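Order of writing sets the chain letters: A, B and C. Residues in each chain are counted from 1.
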Amino acid sequence: MITQLVVSQAVAIQERRSARPGSSIYSGRASMLLERGFRAFKSSNWMVVLSGFVEPVLYLLAFGFGIGQLIGNLEDGLGRPVSYAAFIAPALLATSAMNGAVYDSTWNVFFKMHFGKIYQVMLSSSLGPMDVALGEIGWALLRGVAYSLGFMAIVTPLGLVTNAWGLLAIPAASLIAFGFASIGMAITSYLKSFQQMNWVTFFMLPMFLFSGTFFPVSVYPQWIQMIVQALPLWQGVELIRSLMLGIVDWSLLGHVAYFLVMIAGGLWFTTVRLKALFMR
Amino acid sequence: MAELSYKPGAAVDVKRAVRWGALRVAEYRFYSMSKWMGSILAFGLGNPILFLLSVGLGIGALVDANSGGETLGVSYLQFVAPALLASAAIQGVMDEVTFPTLDGFVWDKLFFAINATSVSARQIANGVMIVALGRGLFTTLLYLGILLLFGAVPLASFFPLLFTSMLAGWGWAALMMAITARLENDEGYFAVIGRFVIAPMFLFSGTFYPLEQMPIFLQPIGWILPLWHSTELGRTLSYDYPIEPSMIATHLGYLTLMGVVGMLLTYPKFEERLSR
Amino acid sequence: MFAKDSEVVIRAKNLTKKYKDFVAVDGIDFEVKRGESFGLLGPNGAGKSTTMKMISSVSQRTGGELTILGKEPNTHGPEIRAHLGVVPQKDLLDRELKAWENLFTYGRYFGLSRKFLKQKVEELLEFAQLTEKRNSKADDLSGGMQRRLAIARGLVNEPEILMLDEPTTGLDPQARHILWDRLFRLKEQGVTLVITTHYMDEAEQLCDRLIVMDKGKIMAEGSPAALIKQYSSKEVVEVRFGTDKNEKFAPQLEELADRIEVLPDRILLYTEKGEELLTKIVDAGLHPVTSLVRRSSLEDVFLRLTGRTLVE
């Protein structure tokens, strides 16, 4: 039977936190959303999950080994010859991280927001909007990391990671996934219709194709280069490519900083937006 | 309240209503589609244009600068253009027989409403295909125009290229329609088909480099799916790409067969589903 | 707990909510006492749901005062929500999860331990008569089951106040009665219920006390019986003469009853003795197409207060 405690546990838990700053938007339980994520994930369509991972691998095969035959070797930043496959593999790793993070933080978030309405329910518990933002972004990030780990597992035996710095590609990919998850959810929280969501997908493609993924950005005129360099995928591609080709210097921290700003900005906007949407 | 003028049974001309059902279905759909022409254009044309720029020109520059140009005999742009065109046609026609068609059965259930009038299930299937072809034709024409502007295909082969691309579009869309008719719910099937069928087709149909250069175990992707057949035809039409006459007949025959089989598999399923 | 019986758990004073130019809740005052079953009655758009959201502290008021269990919702949202159980209008179950997972996960949002929840979930499934459906996806449950699951979910943190927004809207009569039964049991256990509804019978069944809302304002307040007594007569006779004709007979009928309301499709006559009045009508040579004598209800109270019917 239902027994009502004089002070229920839920209240006691919440009261312990109430003195902390920000307790009205963050209750320190973002990890509960990951728990929910795993439960829901168990029953999701595995083929769909797998399919997102397969795409960059197909590109690696088709472009790296197919078109690679027509191209031969390129030169890396230090003038050393590098096979076409080794040139695009880092870019596709960054893309894997991006894809994984973006699927969950855009379409899935959109469905949860407008059809499942689960954020509304979460926010009627003692969770705050910051818990929800951090939890959902964290979940998307996990998928990005999973995709990039899978991609590394394929690329490494193919001999496309040639030096020890390449190991850092994994944390770098996680950083990229975090950045995209964060900004993806922030943008999605502003979108209202399927058409608008389609535009997100629509802009992902050119970013994928033109961010120095398949050919160096030096082919563009100066002003286009500047636009491309402002895009997050280019930042990610450069970071991972430098690591995997072993061209490491302090400038890489610039890319890292870019993603840190992206993460913080995305988190902030998502929190504000969740509050505006479901707590107005 | 105003009086309703109402003469039971007098308004409808039964013969007329029964005859051109497919066109009525198409008319309705074209009308509702015209409202979001912008996004249809963007999505139908966006993809192929982006690939034209990135692969045709960007990677093309790398290929032409290296040994690739000699291997192919033409510029890389000329090499990929017919493939991109066929791919645009296939995508353009297919878009209409996936989500929008499933929508008619599952979400807004519009087909059931149409079927409750004097329009038959078969006419609905035909109507959907007419719309799909119309939509595909629209994007293919525009894309062909763009390829002409880039000098990627010769003007003389405008109509033959349009035909071979649309034939592939129809063949594939007919098969997809038969599959869509068999889906009870989305459950991510289209995402799976997109990534496990459409993407490999796009990447491994001799689109970006000759099919024969691929490992033999990947070559069947080209043989089975429509893109390679249409690409081969397109290449002979747009530059002096050597191909046996018997192979031309094979490609044309295969694409036609695909369309016919697709339609034949579609009709009974539409009928069964709408009479539940 | 005994001493707290008359303790006020929700106090609203001049409570106001504006969305840009639109005033959803227009300066209302009310108090809810511990253990009470309190209703907000009114048509769609009356401001009930907005009031509920402000109490649930997921919506910030734009004016007036509001305290829940003595706490300020603007600054103590999560803390207040820990005391509340919320059953939203459309259930909003997590469709990707099974029935029991819906309860478990929601409990985790409150930070409750797995050990506590394991037992709690079983208890709640039983209470909601869903033990056999524990492994069904939320989507595969019937409307009544979904609603019961939503109520069970709202109880997972053992809340002092349970908020129910239109709890039986869209349910068939049998499902409604099962639900009412469950809510009665909660009430017996001392849970404070706050219920919005636009169903009169529901308000009469469930609420000790209610406020009638219209256009963001409180029109009347009291127990269902007191409101009916104050704003209506004991019985009501409904007659129909056919479209367009109701208007014509109205003057004649007005003389026979205490008070009448002419609606587009029917006329309502208020009286202490319904059958007698109906005889008088026939005796006066009026022959309605259909007629009906019934007890007066909150619907009539609302009509009297606003000149409009509740469900339009």
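Of note:
Here, contacts are C-beta pairs under 8 Å (C-beta built on N, C-alpha and C of every residue); 3 or more make two chains touch, one makes a residue touch a chain.
These numbers were taken from a predicted model, which means no experiment stands behind them.
Shared contacts of chain B and chain C, meaning chains that touch the two of them, come down to A. Per-pair counts of C-beta contacts peak for the chains A-C. Legend note: the chain whose CA centroid lies nearest the centroid of all displayed protein CA atoms is A.
One finds 54 Å separating the Cα centroids of chain B and chain C. Spacing of chain A relative to chain C, judged by their CA centroids, is 44 angstrom. The mean-CA centres of chain A and chain B are about 32 angstrom from one another, to the nearest whole unit.
Interface residues of chain A, counted against chain C in their complex, comprise 1-6, 8-11, 13-15, 17-18, 23-24, 27, 29, 32, 35-36, 39-40, 43-44, 116-118, 120-128, 278-280. Those residues of chain B whose C-beta lies close enough to touch chain A in the complex are 36, 39, 42-43, 46-47, 50-51, 53-55, 58-59, 61-63, 66-68, 71-72, 76, 187-188, 191-192, 194-196, 199-200, 203-204, 208-209, 213-214.
Partner chain B is touched in their complex by these residues of chain A: 45, 47-48, 51-52, 54-55, 58-59, 61-63, 66-67, 69-72, 74, 84, 195, 198-199, 202, 205-206, 209-210, 214-215, 219.
Those residues of chain C that touch chain A in the complex are listed here as 1, 19, 56, 58-60, 74-79, 81-84, 86, 88, 90, 92-98, 101, 105-106, 108-113, 116, 123-124, 127, 137, 155, 157-160, 186, 189-191.
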